[in-house]
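Both of the next two complexes hold chain A, though its partner changes from chain B to chain C.
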Partner chain A sequence: MRKYLGLFKISFQQEFVYRLNFIMWRVRNVLQILVAYFLWTTLFIGGGKIFGYDKNQILTYIFGVLIVRALVLSSRAIDVAGDINSGDLTLSLLKPINFFKYWLTRDFSTKALNLFFAFFETLFLVLVLKVPFFFQTNFSFLLPFSFSLVLAILIFFFLVLLIDMVTFWAPEMQWAGQFIFLAIITEFLSGAIFPLDILPQALQKVIYFLPFPYLIFFPVQIYLGKLALVNTLGGIMVEGFWVITLSLIVNFIWKKGLLRYEAVGR
Partner chain B sequence: MDRTIIVDHLVKNFEVKEKEPGITGSLKSFLSPKKKIVRALRNISFTIQPGELVGFIGPNGAGKTTTLKVLSGLLYPTAGFAQVVGFDPWEKKAEFLKQISLVMGQKNQLWWDLPALETFELLKAIYEIPQKEYEESLKELVELLDLKNLLTTQVRKLSLGQRMRLELVAALLHRPKILFLDEPTLGLDLIAQQRMRDFIYDYNRKTQATILLTSHNMNDLVDLARRVIVIDEGQLIFDGAFEELTNRFAKEKIIKLSFSQEADLKELEKIGRVKKISFPEVVLSVPRTTTSVAAAEILQNFPIADLTIEEIPIEEIVRKVFRRELKIKR
Partner chain C sequence: MKTLKKYFKVWWLMSKNSFMSVIYLGMGGIFFILGKVLRFLFFIFFLVFLLKGTKNLAGYDLNQTLFFFLTFNLVDVTSQFFFREVYRFRSRVVNGDFDLVLAKPINALFRSLLGGADLLDLVTLPPLIIAVVWFGKVLNPNTWQVISYLFLIINGLIVAASFHIAVLALGIITLEIDNTIMIFRDVSSLGRFPVDIYKEPLRGTLTYLIPVGIMVTFPAKALMGLLSPWGIFSSFVAGAVFLVLALKFWNYALTKYSSASS
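Here is the complex of A and B:
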């Protein structure tokens, strides 16, 4: 355990080194929220309801997303693809440390930092824009919420590793794969941009079988107290299913990938 | 007998995609990739005993680094067998990894943006080194490599030589029994090279660690390795004491002459190849087997003040190996 604590600490320090980089990343997050904010306020200028949401509900959703995405969608494991490509993976392979735990620990350190900043950003925006932020105080929602968050973090971790490992077979795909996966599919299907229940029913049914909605939409819905206990438990079961399935797939592909790894760069 | 490293009929092939230049080439290789098999190691066998310091010699692409990578568990052998301190390297067991270290001249494990001390602390945790042992090792290594004031400086601000020495500390903190050094003096200036060599030599003597070292730097090999393994094109062509390289590969000997008066040097050409003339000194190379006959003939027919017979310098042999001038005789 101590080795992972040590790793967490040094990883956390490393995050601080590129201050400008980090600040820009946070600025991007804030801008995204602002875009969503202005988009929706414009749509609601006439008042009333759109897709069954009124203005306050939708804004509550969007600000809930800000916190959840800082926790779930921030990742250090995206660097694995670059490591495979450059041969730097060699260095972690030589260490008596579990590869997956190594990267999960590094993910946690970046998540901790992101959460810290997201907290103040949200506070700031909520105060400035006078958004009705929803504070969930009911423990029977908060408990499954935190549980679903942990599972969401694991799902995202394994998805990122899966995309990283494409690099074993197609080093030139590294950037494109990550972009398509992270910037397009995940953003769209996870509910990070809009609540998924505004989509047509048929489409929703399909999407709920995929791992993506469980990254953002599902935890936020629990937090906002919108799901009945049955649906919450059902969703958590699906999350659990994905965590197990993805971990098995990742493990399998990891072993195959290592056989192909050529430890390049001398 | 005790053996730390066993390599038996080791084969490693790589699959390489071939691509013609230009956009059409890219398109072609995308639609129907042409693959080529590169045979990096073809049937290599050797064993190494505990405490040995062995030099790996061979030109670029001979398979030296590939061998080290197989031995440290990074590459999966296509065929054959490798064992290090009783483990199959590929399994990457923690108990195995704690006993080895691989230092590559071009790969840095120090965290670039943080002082080296931070990386050392992390390594202490990762290798589960007891605090007392860690402090002792660190103190000793820092003193030996003269690094006292550099531990708290951001790694990116250091010179290459300073960084390489710190890399070495990082690689040795857990006191590995086996040390693989891949081009440890690459890019270092002469003084830094010498320092590195002295350290490696001392380290081997003091800790009885087994060291396998590859280098293009002649001095590294001459100074350090008592035993050398020469590989070329994935095949082992020599394994033995450094001095024996000469007996094995030098087909000629050198005769140095000092003339007492003018003589017809053309006549010398019949006896051997004239390598250098700066009268009255002449250097001649003659076939090994007929050296004494040649010497006698010269003494009889020429006005000679002094004659010495020498071996071809080891550096020249190694250089020839690098230039692939020596062909494999099996």
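Here is the complex of A and C:
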């Protein structure tokens, strides 16, 4: 455990090496939230409810996304694809440390930093824009919310690794794979851009068969108290299913990929 | 005229080289295009579902809102197609290769701004133009509105070019490009929706200071007949002012180039 704690500290310090990069990344996140904020406040000028949300709930959703995405969608494991391509993966394989735990620890360090900044960004924006943020105080929502976040983090971790490992077979897919699956599909189908329940029921049903809605949309829905207990428990079970399934697939692909790995450049 | 022909020939050669390097990406390139198309379609779906529920956005109906979005994409994709080389400029300055650009008998700004047209963006342009024409027709514009739209789109591209020139100049002075260009793109993406949805002072800032409004919202409004002649005139003046300022900044930045590492 101590070595992972040490790794966490080192990774945390590494995040400060490219400070400007990190700050710009956060600025970009805030800009995205501002677009969503202005879009939805314009839609609510007439008051009332839209897609079952009132203004407070939708604005809480938007600012909740800022925090949840900082926790779930920030990742260091995206660097694995580059390591496979450059041959740097060899260095990880030689270290007396479990590969998956190594990257999960590094993920936690970047998540901690992103969460820290996201918290203050949200606080700042909520105060400046006078957003009527809905604070959930009911423990029966907060507990499953926290649990669903942990599972969402694991789902995203395995998804990232799965995309990374495509590089074993198709090195030219390093950026393209991450672009299409992580920057486009995950962003839209996770609920990071808009709440998924504005989509038609049939489309929602299809999307719920995928792991993406459980990354952002599902945890935020629990926080907002929009889900009945049975739906919450059902969703958490689906999250558990995805964690187990994806971890098995990643393990399988990892073993196959290592057989293919040529340590190019080493 | 002779100079123009020479520069067009050089641009054509540089673009061909750039296209060949993209073809080398193979499946990666195809997935990039697929990703861009998916992102576009997802946004279209989002707008359609959103406006089916709300009926209008800041007074604009679904067709008008989609047209704003398409116009944003037209300006965004076209400027990325032409100005992709800006994204590669930093390494030239950092490792001193920019010396070689300066030493060539061709304008250094031309080489740095237009030296690497992007095939991946070119592929997405024709369907986008068809969609713009299709949705534009639905709005029933008259000839004057269409002409205004076309000229304001060109003006929008001039503003986009000015910003890319400013980013290059900043790159020479600060060695920072990647984040600046991404911030510019994020700010310009505020133009996905008409700037009318933003509150003051953000709306004014986006209209005149960081002229996303002039780049994207004004052309679309002109086609809908919602832009006054004064609005059209001031857009062209703003475009010219931004270009002159950007060129002055570029010339200033060149005097600060230290030719490091060369």
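By our rule, the second predicted complex is superposed on the first by the 266 of 266 C-alpha atoms of A that agree within 3 Å, B and C clash if a C-alpha of one lies under 4 Å from a C-alpha of the other, contacts with A are read in each partner's own complex, and residues count from 1 in each chain.
As a working rule, a contact is a pair of C-beta atoms (placed from the backbone, for glycine too) under 8 Å apart; a residue touches a chain by one contact, two chains touch by 3 or more.
Every value quoted in this text rests on a predicted model; they were computed, and no experiment measured them.
When both complexes are superposed on chain A, chain B and chain C sit side by side without a clash.
Taking Cα centres throughout, chain A sits at the apex of an angle toward chain B and chain C that amounts to 90 degrees, reported as a multiple of 10.
Taking chain A as the reference, the larger set of touched residues comes from C, when chain B and chain C are compared. With both structures placed on the common chain, the touch criterion links A:185 to chain C but leaves chain B unconnected. Shared-chain residue A:87: touches chain B; no touch with chain C.
With both structures placed on the common chain, the touch criterion links A:211 to neither chain B nor chain C.
In the overlay built on the shared chain, the residue A:195 is in contact with neither chain B nor chain C. Look at A:258: by the touch rule set out above, it reaches chain B but stays clear of chain C.
Once the two complexes are laid over each other on the shared chain, residue contacts for A:219 go to neither chain B nor chain C. In the superposition on chain A, contact of A:42 is made with chain C only, not with chain B.
Superposing the two structures on chain A brings chain B to within 5 Å of chain C, judged by their nearest Cα atoms.
For chain A in complex with chain C, the residues that touch the partner chain are 20-21, 24, 27-28, 31-32, 34-35, 38-39, 41-43, 50-51, 170, 172-177, 179-180, 183-185, 188, 193-194, 198-200. Chain A meets chain B in the complex at residues 2-3, 5-7, 10, 13-14, 17-18, 87-88, 90-91, 93-97, 258-259, 261-263, 265-266.
Contact residues on chain B toward chain A in their complex (touch as defined above): 14, 65, 69, 72-76, 92, 94-95, 97-98, 100-102, 104-107, 109, 111, 113-114, 118-119, 121-122, 124-128, 182-183. Residues of chain C touching chain A in their complex: 25-32, 34-35, 38-39, 42, 45-46, 49-50, 53-54, 57-58, 176, 178-179, 182-183, 186-187, 189-190, 192-193, 197-199, 202.
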